[in-house]
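The following pair of complexes shares a single chain, chain A, combined with chain B in the former and chain C in the latter.
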Partner chain A sequence: MRRALHAEWTKLVSVPGQWWTLLAVTGVMAGAGALVAVTQRPPTCPPGGPGCSAPDTTALILSGAYLAQLAVLAVAVTVVSSEYHPRVILLTLAAQPGRGLVLAAKAVVGTAAVLATALLGVAGALVAGRQVLLARGFTGQGGRGPAALSDPAVLRAALGTVLYLGLVAVLSLGAAWILRYQAAAAGAVAALLYGPFLAARLIPMPDRVMHAVQDASPMSAGLSVQSLVPGAGTAPIGPWSGLAVLAGYAVAALGTGWLLLVRRDS
Partner chain B sequence: MTEWTIAVSDLSKTYGNTVAVDSLSFTVRPGTVTGFVGPNGAGKSTTLRMMLGLDTPDGGSALIGGRSYRELTDPLRSVGALLDAEAVHPGRRARAHLLWQARYNGLPAGRVDEVLDLVGLASAAGKRAGGFSLGMRQRLGIAGALLGDPRVLILDEPVNGLDPDGIRWIRGLLRSLAAEGRTVLVSSHLMSELQDTADHVIVIGRGRLLADTAVDALLAAASGDRIVLHTSRRTEAMTVLAAAGATVSVLGADALTVSGLPAERVAAELNGGAVPFSALAPHRASLEEAYLDLTRDATEFRAHGHDAEEIRP
Partner chain C sequence: MTTSTTSLLRAVRAEWAKLRSVRSTGAALLATVALVVLIGVLTAEGGHTSYGGPARMDGFAFVHRPAAGDVTVTARLTGQADSAPWAKAGLMLRSGTAGGAPSVSLMLTPGHGVRMQARGGTEELTGSGRAAAPYWLRLSRSGHEVTGWESADGRTWRKVGTVPDTGLPATAEAGMFVASPETATSHWAGPGKVVGAARATTGRAVFDQVTATSAAAAPAASGADGWQLTDVVQPPGPPGTQPVAAASGTLHRTGRTFTVTGSGDLGSPGVGGVGQDGQEDTVASTLSGVQIGLFAVIALGVLAMTSEYRTRTIRTTFTVSPHRGRVLAAKAVVVAAGVFAAGLVACAVSYVVSLPIQRRNGYGPPLFTQRSLTDPLVLRAVVGTAAFLALIALLSLAVGVIVRRTAAAVILLFTVLVVIPLVAQVTSVGADLWVGRTTPVAGAAIRQTQPLFENAIGPWQGLGVLAAYTAVALGAAFWLQRRRDA
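Coming up: the complex of A and B.
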């Protein structure tokens, strides 16, 4: 396995653009966190008063994930689709006939690279976003300040966001093993993420249906881990259950990809 | 010690309705260059992919050194293959392309530079493969095949895209690898490419074995008892010889092949008919002729321009 990891790492870093896209994961997370914070103004209504809700500033400064996941998707799909068209996979499976080992090595290397850059990005977003919020007048009086970085809820949201991006990577790897074409795989994952998420927002439907769509949608359910205000997140589902929904999609995709890799002729 | 033969027995593969390989059996031995020849779509590439465990046979087996490819540990150390010179990520540099392959089998990075040097790509090691000519990509593919210093080499159409210098180089390389006792299997759709390289040929057509023979024996059989004759008066010569009971066919603008008559009778008949001629000699068939004789019936797609090797699921 060590050799397979070494080989797949060599592959990942020798495709031009992968470093830049990984860098974009960090940059977009941190940059978006600071930018979103700039647009916020502290509410002027009396805290706790009727119709006065404080914004969930933690979820806001982590909202770079909505965009950064596209860079994650691009990196992870490329890790697999670069084996096809042209068919480098012939050489890979000649060097290592164990299909499961090749798939596992790519999953570990691709996901680890995404987790590392996502961790840097999330840390950057929290630090930069908090500084901007403080400067914008979110002073902490009346429970309106940005939650402290040591707050367990903030840590959960931060760690959850890193895991969310890691799971998007696994989902993308699986889709790419199934579809093999880069554009097809990237399109399918983007549709799966944004499709139900946008449908629940844009299409009028009863709350009951909307909540069911959100709880089953990988992006809405997964991102509920960012919410510090119960019931105000992207889905009614709990934070860890939400991530588990996304993990279900990711594992199903990678498992299907593995079955196809074993069964199909190369 | 392992005897590094390639043993194909009763191998079969069907894609949809197309039978690509049909109960194919043959053995490739160490120490010689074995040509693997057949028209486009004959099933050569499919057979090679099954040897390397890339495609799963519907029946039969292909064993290398007594084991199936998928059972080999660090396979590149035993078997080196070039299947498709285009199988290189265009953005990857030549060195990195070989380096990841080396790492999969625990080969030292220094070996990458050795094989790059061996195939004459040392100066292009840091260049992206996307900018390589087909000839350079062939060399890169051959470098990959040599990476693990393997006992068995399986090369699919390695001559494609090489310039005359490159062709001479690869012929020398293949002969020296075989002389070192390695097992060398080289496929081609052009028999002439193997004329000065292969000692033994396996000819297939429509997925079936047509011949498995030494090159010398194949040439002798194809030459038969024919005689080559050069004359400026071809039509008259044909008339005279046909009247004497010979079978005559046209070989070129001023050349004929004659069978059914010994050389002295041919000369006597031509002299008798006052037909001028020069050079009367036993016909030595080219490998190409021998091959065309063998594959005439098996060339499935010639008229339509299809290439069955492109028919893939």
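Coming up: the complex of A and C.
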């Protein structure tokens, strides 16, 4: 296993494109957090007044995840699909005949790299976003200031966002093992993530149906971990159960990928 | 035919053959049509509307006196405050002063010219559309028949219309009225959340040269000459949304000049502007599927170029047709034409199929005009949206040339066209409007047919923004392709 991990690590770090994309995960998370904070204006209505709910500032400055997940997806898909174009996979499997081991090593290396960069990005977004919000006049009166970084709810949202990006990486790895082509896998994962999310926003439907769609779709359910204000998140599902829905998709994809890798000609 | 046009034609034919023979092209075009139609139909299915107000609006300030038998009322409206586009001021014959009584009225509105209402406000006759105060109005009764007249100078009169069976009693109340409906205002309650609120308005109008002559002898007037002010009270509507409380009317009189203020409205759903405030854009909503149909168009446009790079067919292509600009031009023509044709089918089908569904869900007459596909406004939206998809395909083709790798180009386009607008939409109102005005998605505005509060940009300006981006990208693609190795 150590040899396999080392091999996959070398493959990952020796491609400059992958480095840049991983850097983009951190940069986009932190940059989008600061940029979104710049566009916010503190509410002018009296606190607790009718129709005057304080914005969920934590979820807002973590909304870089909508963008950063595309970079995550690109990294994870490339880790697998670069084996097929050209077909280096034959060499890889000759050197490391345990197919499950290859899959596991790629999953560990790819996910770990994404988790590390996502952690940096989320930390950057929280710190930068908080500074910008304070400078924009979001002060502590009436719960309108950004929540303290030590607040357990903020930590949950931050850690949840890191895990969310890690799970998107697992999902993308699985899809890439299934589809092999880079563009097809990236397109399929992007469609799975954004398709139901956009559809629930775009198509008018009864609340019951919309909530069912949101609870069942990986992006809406997974991102509900960012919400600190009840009822204002992307899905009505609870934060950790939402992340579990995404984990379900990710495990199913990787499992199918493993089955196909073991059964199929490479 | 010159040689260059012949070779361009040949290149177009070659590109057409390539595009047609690739399975993914057909799949992408089919997916575009299917997504646009499916989402259009789902949107129409999910959207419901119903008019919740009273069946007849009949509340206003009425300055009146009894008039026996055949009577002619004439007045000059010397001024009308523009309190609402459908504010109403004019003359009325009425069986009594209770709300909901039979009446005939002739009125001037700030935004919709001269109107005449009869049969409890369910029938409307339209007079001069551009009339504005000062303006003359006249109602003359003959038995059960009432005729409305209008004039700009009080000398030459034009007939607005005749109502044959008015149901007025022998002695009716005749006089002037002023009404001004509630107006809907919209504001942002947060990213993506538009909230509407109703606000009462007060209309004000000045009448002079008022005459009300009866053929029969006028009854003895009480007071000076019998004019009195009554607030005609709106009868309660169905439970639920009730009209906003309005100020009661006032009358200020100096000699023969009457200054009247009043709130309320006259008419019925679809007549006199009742229920037509802040309508939804029913045409644009049938075409909202292009926001997702976009995915397939991006893939098609990018693959048209990058598939040649991946399989290295590009070398063969350039060997056969060494003029690189011509190859790209031929590809652009073929891709744009194919996507435009598929988009046209998708948008037209989506509109035609959604129309009866919308009608069933309440989006029909009298409140909503249903327009046929050949209506100029609908044509602009449908053809324009197909052009929007074609421009997106060209932009994708150009990005494919510049980036050369499928996945990178698709992710770049997807970020710009889908994800950035999405992030802006969920985070900030200002950012959402800014993105809707300045990035390529502004082109989606071409499907709008109504000026709504939440629109970021006008239809043509939006398409212009997208066209500019596409032109720049195509220019860069031509330049790069000429300079780079294949």
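The criterion applied here is as follows: the second predicted complex is superposed on the first by the 266 of 266 C-alpha atoms of A that agree within 3 Å, B and C clash if a C-alpha of one lies under 4 Å from a C-alpha of the other, contacts with A are read in each partner's own complex, and residues count from 1 in each chain.
Just so we're on the same page, a contact is a pair of C-beta atoms (placed from the backbone, for glycine too) under 8 Å apart; a residue touches a chain by one contact, two chains touch by 3 or more.
Since the structure is predicted, the reported quantities are computational estimates derived from the model, not experimental observations.
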Side-by-side fit of chain B and chain C on chain A, or clash: fit
Partner chain(s) touched by A:11 [first = chain B, second = chain C, both, neither]: first
Touching partner for A:228 - first (chain B), second (chain C), both, neither: neither
Which superposed partner A:112 touches (first chain B, second chain C, both, neither): neither
Which of chain B and chain C A:216 touches, first, second, both or neither: neither
First, second, both or neither for A:87, with chain B first and chain C second: first
Partner chain(s) touched by A:104 [first = chain B, second = chain C, both, neither]: neither
Contacts of A:204 with chain B and chain C, given as first, second, both or neither: second
Chain C versus chain B, contacts on chain A by residue: C
After fitting on chain A: smallest Cα gap, chain B-chain C, Å: 12
Common ground on chain A, meaning residues reached by chain C in one complex and by chain B in the other: none
Residues of chain A that touch chain B when the two form their complex: 3-4, 6-8, 10-11, 14-17, 82, 86-88, 90-98, 264-266
Chain A-facing residues of chain B, complex: 49, 52-56, 69-70, 72, 75-76, 79, 81, 83-84, 86-93, 96-97, 99-101, 103-106, 128, 144, 312-313
List of chain A residues in touch with chain C within their complex: 32, 36, 39-41, 51, 53, 55, 60, 63-64, 66-67, 70, 73-74, 77-78, 182-183, 186-187, 190-191, 194-195, 197-199, 201-206
Chain A-facing residues of chain C, complex: 39, 42-43, 46-47, 189-190, 192, 195, 288, 291-292, 295, 299, 303, 406-408, 410-411, 414-415, 418-420, 422-423, 425-428, 430-431
